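Please see the structure below; I have some questions.
Just so it is clear, A, B and C label the chains in written order, and each chain counts residues from 1 on its own.
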Amino acid sequence: MSTDTSTELAPIAKSEKILGIYYLTFYRILSILAVFALWEVGGRVPISPAFPTFSATMSALFEMIFDGRMFLAFFETLKPLALGVTISAVVGVFLGVSMGLNRLFQWFWEPIWVVLQASPVAALIPLITYAYGIGLTAKTVAVIMLAAPIIVLNSYKAVRHASPSLIQMCRSFQGSRLQEIRLVIVPNAAPVIFAGLRLGVAAGFIGVILAELLITPTGIGDLITYHRSVAEYNYMYAAVFTVILFSAVMVGMLETAEIKYFRPEKKKSK
Amino acid sequence: MLEFIKRIPPVFSLLIWITLWEIAGQLKLAFILPPFSSVVGQLFVLIARPDFQAAALMTFKAFVIGMTICVVLGITFGFMMGTSKVANNVLGMWVNIFASAPLSSLVPVLMLLFGLGQTTIIVTVVLFSTWIIALDTYAGVHHISPSLKEMGRSFQATRWQLLTKVLFWAALPEILAGCRLGLIRAVKGIVIGQLLVSVVALGRFFRTFSDNFQFEEFWALTIILFIFALTFSASIGWLEHKVEYYAKTRI
Amino acid sequence: MSNATATSTLQDAASGDPDNVAEVRDLTKFYDSDIHALSSINLGFPRGQMTTLLGPSGCGKTTMLKIIAGLLEPTSGQVLINGKEVVGPGSERAFVFQDFALLPWATALRNVAFGLELNGTSKAEREEKARHYIDEVGLTGFEDKYPHELSGGMRQRVGLARALVVNADVLLMDEPFSAVDEQNRRKFQEDLLRLLAGENKSVIFVTHSIEEAVYVSDQIVLLSPRPGRVHSIIRPEISRDAEPDAIRRDKNYLDTIEEIWSELRKYLD
C-alpha cells in the first residue's frame, strides 16, 4: 500500500473571520452602515424638505426614549396587538384545525377565508369605527381582521398536509381518531401552525398601525401623525424607524424560536 | 346529505355567505351592513360614474407600472440571493426585514416625499410586493436540483445560458407563486395608501362614502377592489397551473 | 482458464501514454478541510475501453468522476484529456447523470439536442442529429414526450442520447442505472455494450454494483475509502461473444465477482 502523502494542502476554512467577526456578519453590518450613511447624505442634500438626516432622526429617537414617550407609545400599541393576536390565534388555530379534520367544515369555511386572505380587508377599517367606536375594541377588531385569515389558513393547510404515512401507521396500530389527532396530526402540523402565527403577528401589526393612523391616534400611530402635523419630521421618522426595527426583531425572534423548537434540522442550513 | 354537499364545489359555500349577508341586511341587523342586493345595485352605479372611472384608470395604470418594476426587481433580487452566498446573507436580511415589517407605517412617509398622486401609488406597490417576489424566487432557485446546474455546466453553458435556459424555467413555478402573492399585497398596499391619502382618487371615494354614512356605496367600492384582486390572483394561479406539470418531476 | 488476476499494487499508468484518453496525476481532494475524499490518485484510462471505478461509499469514485468532468476542482493534482491538462468542463467529455438531469419543461428531442443548442448549432442540424441518437437508444416515437410522461428507464436513455450526440471523446457515467429498476437495469447494461461497440467510445463508469462492473467493464479500478485511494486494478477476462445470459453464468464472471467482493468487504462498516 502506498504511504500516506501527508496533508500539506489543507484548503481554506469556509467561515473565516475579519476583525474578529464572521465575514458574512461583517457584510451585513457594512450594508446597514451604508444605508445609514446614504440616509444622512440624502437628508443633507436635501432630497426633500420633509426628509430629515439620519442623525437628526436618531437624536429625536433617543430623546423620545429617554423621556419615556417611546415606551408609552409602544405599550399603547401593543395592547390591541397582543389582544387581537391572542384571540385570532386561539379561535383561528381551532377553526383551521377543524377545517383540516372535517370535510364539511372545510367546504363551508375554506372559500370565505381564502377570499378574506386575498382581499384588501384593510378597506373595511373605516367601517369599524361605526360598529365599535374608537377605543381598544375597534383596534383589536382591526388586528383580528388582518391576522385571523392567515392563521386559519395556515393551520388548515398544516393539518391537511399532515404526513399520510404517519397517519396510516397510527391506524395500523389501531389508534383511535382522538389519538390520531392528538399524537400524530397536531405535532406533525405544529411547525406550519407556528409559522402561521408568526405571519399572523406581522399582519396584525400592520392592522394596529393602520387602525391608529385611520381611526384614532394612539400609541405609535399617534407619534407618527402628531409629529407630521407639526412638521417635526425627524420625530415622525424616528417613530417609523422604531416600528420597523421592532417588527424585524420580533419576527426574527419568532423565527429563531420556530427553528429551535420545531425544526432542529433546519438549523444553520441557511 | 353530507355526501351530496361534499360533491358541490367549495366555491358555492360563498353563496351561503352571500345569502346570510342578504338576510342580515334585510333584517337591518347592523347599520353598517346593507343588504347584498343593494350593494350590488350601487356597484353598477359606481362603475358608470366618470369620476370613478378616471380614478380607477389612474390607479390601474400606476398599479401596472409598479407591478412591472417590482417583478423585475424581485426576480433579480431572488436570483442574486439564490446564486451568491454574500447576496443571500446581506440582501436576504433586508428582504426579510421589509417582507415582515408593517409597511403601512411607511405610507405616511411616502405621502410626505412623493405627494398624493400617482407616484405614491407606484412606490407603494413596489414597496409592498417586491420582497415576497424576491423571497419566492429565491426559494425557487434554491430548490433547483444541483444536477440540473451541473448538467448545464458539463455542456459548457455560459452563465447567461445557464440563467436563461435552465435556472429561470426551473424556478418558474415559485416565481409565479411569488408574483401572485405580490399582486395581492400590492392591491392591499394601494388600498392602504388610498385610505391614508383620502383626498384624491379612490381615497376620496372612501372618505366621502364613509363620512356620509353611504355604506352601500362604500361596500360596493370595496367589493370592486376585492373582485379585482381575486381575478388577477386567479389568472396567475391559472398560469401556475400550466407549469405545474413539470414541477412534479423534480428530480 | 485462469481467473482475472488482481494486481494489488498501485498501477502507475499516468505516463503520458497516448493510448490513454484521460489521465489523472496526483489527484487529491479535500472537502471543507476535514473530509479527505481523494488521496494522490494516479490513473490512466485507455482509449476505446470502458474503465469502471468501483468501491464502497466514501471511496471518492463520484468525486473523481466529477473532477475529471471538470465539475469539481481538485485540491491538488492534474487532469489530462488527450494528453493536455484541462480545468473545467470541455467538449471532449460528456456526462451522464445518476438522476438523469433532464429539463422537465422540454421534450425528449430538445433534451437530447441540448448540448448542441448550447454550442450554437443550428436548429435543423441539431434536431437531425438528436433524432438519430433517439433511434439509437430505442426511443423512436417518443421525441415529443416530456420527461414526466416517460418512465425512469426511458429518461435515462434520453440522458445517454444527449451525451452521445455531442460526439465527445470520453463518456463519463455516474451510476447511470442506479435509479432504474432491476429488470430494466440488466437490459440497459446489455444495450449499453451494444451501443458502445458501434461508437468506439471511451467510457469512465462509476457504480457500486460489482456484478454491473464486471459485466460491462474492460478494466475495473477498485477504490478503498477514507481517504479514497486506488486499491487494485482488475481486468475481467470474459469473452463478450457469448449470449448475455450465458456470460452471467460464466465461471470467470462469477469468480471475479467473488474475488472483488472479498476484497471490498473489509471496508464495510
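In the analysis below, contacts are C-beta pairs under 8 Å (C-beta built on N, C-alpha and C of every residue); 3 or more make two chains touch, one makes a residue touch a chain.
None of the values given here were measured: they were computed from a predicted structure.
Trainee: Both chain A and chain C are touched by which chains?
Mentor: Chains touching both chain A and chain C: B.
Trainee: Among all other chains, pick the one whose mean CA position is farthest from the mean CA position of chain A.
Mentor: Result for max centroid distance from chain A is chain C.
Trainee: Find the geometric centre of each of chain A and chain C from their Cα atoms only, then give the gap between the two centres in Å, rounded to an integer.
Mentor: For chain A versus chain C, the centre distance works out to 50 Å.
Trainee: Taking each chain's centre as the mean position of its Cα atoms, how many Å separate chain B from chain C?
Mentor: Taking the mean C-alpha position of each chain, the two centres sit 49 Å apart.
Trainee: Round to the nearest whole Å and give the separation of the Cα centres of chain A and chain B.
Mentor: Between these chains, centre-to-centre, one finds 18 Å.
Trainee: Return the residues of chain C touching two or more other chains; collapse runs of consecutive numbers into ranges.
Mentor: Residues of chain C never touch two or more of the other chains.
Trainee: Looking at the complex, which residues from chain B come into contact with chain A?
Mentor: 2, 5-6, 8, 10-11, 13-14, 16-17, 30-32, 85-86, 88-90, 92-94, 96-97, 100-109, 112-113, 184, 187-188, 190-192, 195-196, 206, 210, 213, 215, 218, 221-222, 225-226, 229-230, 233
Trainee: For the complex, give me every residue of chain B touching chain C.
Mentor: For chain B paired with chain C, touching residues are 145, 147-148, 150-157, 161, 165-166, 169-170, 172, 243, 245-251.
Trainee: What residues of chain A sit close enough to touch chain B in their complex?
Mentor: 24, 27-28, 30-31, 47-48, 50-51, 103-104, 106-112, 115, 118-120, 122-127, 130-131, 199, 202, 205-206, 209-210, 213-214, 220, 224-225, 228, 233, 236-237, 239-240, 243-244, 247-248, 251, 270
Trainee: So in the complex, the part of chain C that touches chain B is made up of which residues?
Mentor: Those residues of chain C that touch chain B are 66, 69-71, 89-91, 93-95, 97-105, 114-115, 117-119, 146-148, 166.
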